[in-house]
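Below are the structure tokens for one structure; questions will follow.
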Amino acid sequence: MPVGPRPPDVAVAGFEGPLDLLLELVEEKRLDIFTVPLGELADEYLARVRAMDRLPADEVSAFLYIASRLVLLKARSLLPSLSPTAEEDEVDTEEELRLRLIEYATTKGRAAALGDRMRAGERAFHREGGTVELPPKGGDPDVLAAAWLKVLSLTRRTEEAVEVPGERYSVEQRTVEIEALIAEQPSATFATLLGDRPTLGYAIVTFIALLDLYRRLVIDITQDELFGEIRVERKVRRMEGLSE
Amino acid sequence: MTRSVIAAAVEAVLFVAEKPVSRAELAKTVGAGTKAVGEALAELDEWYQGTGLRLQHEDDDWQIVTAPEQAPFVATYLGADRLRLSTAALETLAVVAYRQPVTRAEVESIRGVNCDQTIYTLMSRRLIAELGRREAPGSPFEYGTTWEFLECFGLTSLGALPTVLSPDGVRSDEAVTN
Amino acid sequence: MTRSVIAAAVEAVLFVAEKPVSRAELAKTVGAGTKAVGEALAELDEWYQGTGLRLQHEDDDWQIVTAPEQAPFVATYLGADRLRLSTAALETLAVVAYRQPVTRAEVESIRGVNCDQTIYTLMSRRLIAELGRREAPGSPFEYGTTWEFLECFGLTSLGALPTVLSPDGVRSDEAVTN
């Protein structure tokens, strides 16, 4: 085992990343990765993200990206009139997400195959060639200096890599906060929810919390114009007994 | 049961070599053509089946190494450490191995997460290396696996990477060749 | 045409060993009796007839060497006017050269990998040597470069080692002087 600093490989709440979580849902439900409408997994995906205790700020955006795409796919399936704009069509199709998922599944299979080999320990060894009797000659000092530089750079990078961002927010906690706020006042804007000078992590967690509240029919979200203010409103509950 | 004169000479040179030797240099050293050396290498490769040795190559650089089945005994003798990698590092390694040359952005797009950490881990273990810069916006580094990678995983060449079926069971051939 | 299991294991161990190995140590390493190892050695000896390798022994210490007939090719390869070192050996040499006096543990902590083998190789090539023991727990050996190292690299003194800027461009002065 190498001595020296050992950078942690952070897995997010048991998942290697947002695609890993999505793949896990597909496999858990024994769905066919080639035919399952991915939008159907939106609710469960959000629920799993919400259940995660703490999300590292630097990985949250990746989870959010997948979550928002799933929500969009679900919305389209529920409301066929919500046809994709030409712009979205290029980058945001279900097919593209599916291909990424399939590629990731292949990568996981390959990683498992390499892992099996690693655990079996069946490696090769070479000779260092120590039996040579002739006095060495013809060394190049610049080559030696380059090797030293390489060693230095690898050491340095490992040291840097150990720093881990400290700031973390919980989606669950933020959801509770917003729900309490919206219970007191009927509406709020996204900007006020963010407060002054929010960090990226805080903004993303807030946004996921909103997506989740929206999914649970607690709030409505409206936006009157492109890039306009996003309004969050307490959803008017229908009388019990009436169908939706 | 004797082998060809060239094969014996190539074997002796590879035995004393401290690092992989190119076919061109082998040819020059033993005073034969590259084609004859190629045949000698094939002869050695076959000869080593079932022995404690095997022939490993990357592109056209060749080296004699120990057979992976003998790893436990050799590791005992050398006091060598077992390689250990996290799942995350293995995933990144799998992308680099099967898709090389590959940039960090490409690895991250396939895995869906930031890969700084795992790339550094793999580089400091000498399993992957920077190959050079890609001629593209931002001139990103391209990564590939190293000679140590082949050795650590007991692969005689990149062509010996395990074949893994993708979920549809057909797109198994996209490794390395693209 | 396969050889016995023990013979393959013995062959792999002798292949990586850079000095003669006693039959007792071979037996311990491969987990067999000395009699079985003796038979395996006889098997290897016969096997190597007509190949580029030979089994050589002095008393009961055994070693694989190149066949005498191949000496001209081996001499051609090794005699080429340049130093051949594996990447691993070159990196270890760089650490010793720029950080001497240095212990094995320090070299390993800097390189991040086990360095037993490369230190042995560099010592047998007389590029580095044990300087003495450090007054520290365990009294580890300290290593430094040799007179042959200076001659091999055409350096008049250690002060003539190329100056290396570290990656951040500031830690340029940690060579040799500390």
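Going in written order, the chains are labelled A, B and C, and every chain counts its residues from 1.
Convention: a contact is a pair of C-beta atoms (placed from the backbone, for glycine too) under 8 Å apart; a residue touches a chain by one contact, two chains touch by 3 or more.
Computed from a prediction, not measured in an experiment: that's the story for all the values here.
**Q** Sort the other chains by how far their Cα centres are from that of chain C and give me the top one.
**A** Most distant chain from chain C: A.
**Q** Which chain pair racks up the highest number of C-beta contacts?
**A** Top of the contact-pair ranking: A-B.
**Q** Which chain lies at the heart of the structure, taking centres as C-alpha averages?
**A** B
**Q** Express in whole angstrom the distance between the two chain centres, defined as the mean CA positions of chain A and chain B.
**A** Once rounded, the distance between the two centres reads 32 Å.
**Q** Based only on mean CA positions, could you tell me how far chain B sits from chain C in angstrom?
**A** Centre-to-centre distance between chain B and chain C: 22 Å.
**Q** Centre to centre, by mean C-alpha position, how many angstrom separate chain A and chain C?
**A** About 46 Å, centre to centre.
**Q** What parts of chain B, by residue number, touch at least two of the other chains?
**A** 15-19, 64, 66-67, 69, 74, 78, 80-81, 124-125
**Q** Can you list every residue of chain A that touches 2 or more other chains, as numbers and ranges?
**A** Correct list: 2, 125-129, 131-132, 154-155, 157-158.
**Q** Could you list, by residue number, the parts of chain B that touch chain A in their complex?
**A** Per the touch definition, chain B meets chain A at residues 15-19, 54, 56, 63-69, 71-72, 74-75, 78, 80-91, 93-95, 97-98, 109-114, 116-118, 120-121, 123-125, 150-154, 162, 164-168, 171.
**Q** Write out the stretch or stretches of chain C touching chain B in their complex.
**A** Touch residues, chain C against chain B: 1-3, 7-13, 15-17, 21, 29-31, 47, 49-53, 64, 66-67, 69-70, 73-74, 76-78, 84-89, 112-114, 116-117, 121.
**Q** Can you list the residues on chain A that touch chain B in the complex?
**A** 1-2, 7-12, 16-20, 33-34, 58-59, 62, 66, 100, 102-115, 117-118, 121-129, 131-132, 154-155, 157-158, 161
**Q** Quick check: in the complex, which residue numbers of chain A touch chain C?
**A** 2-4, 125-132, 134-145, 147-158
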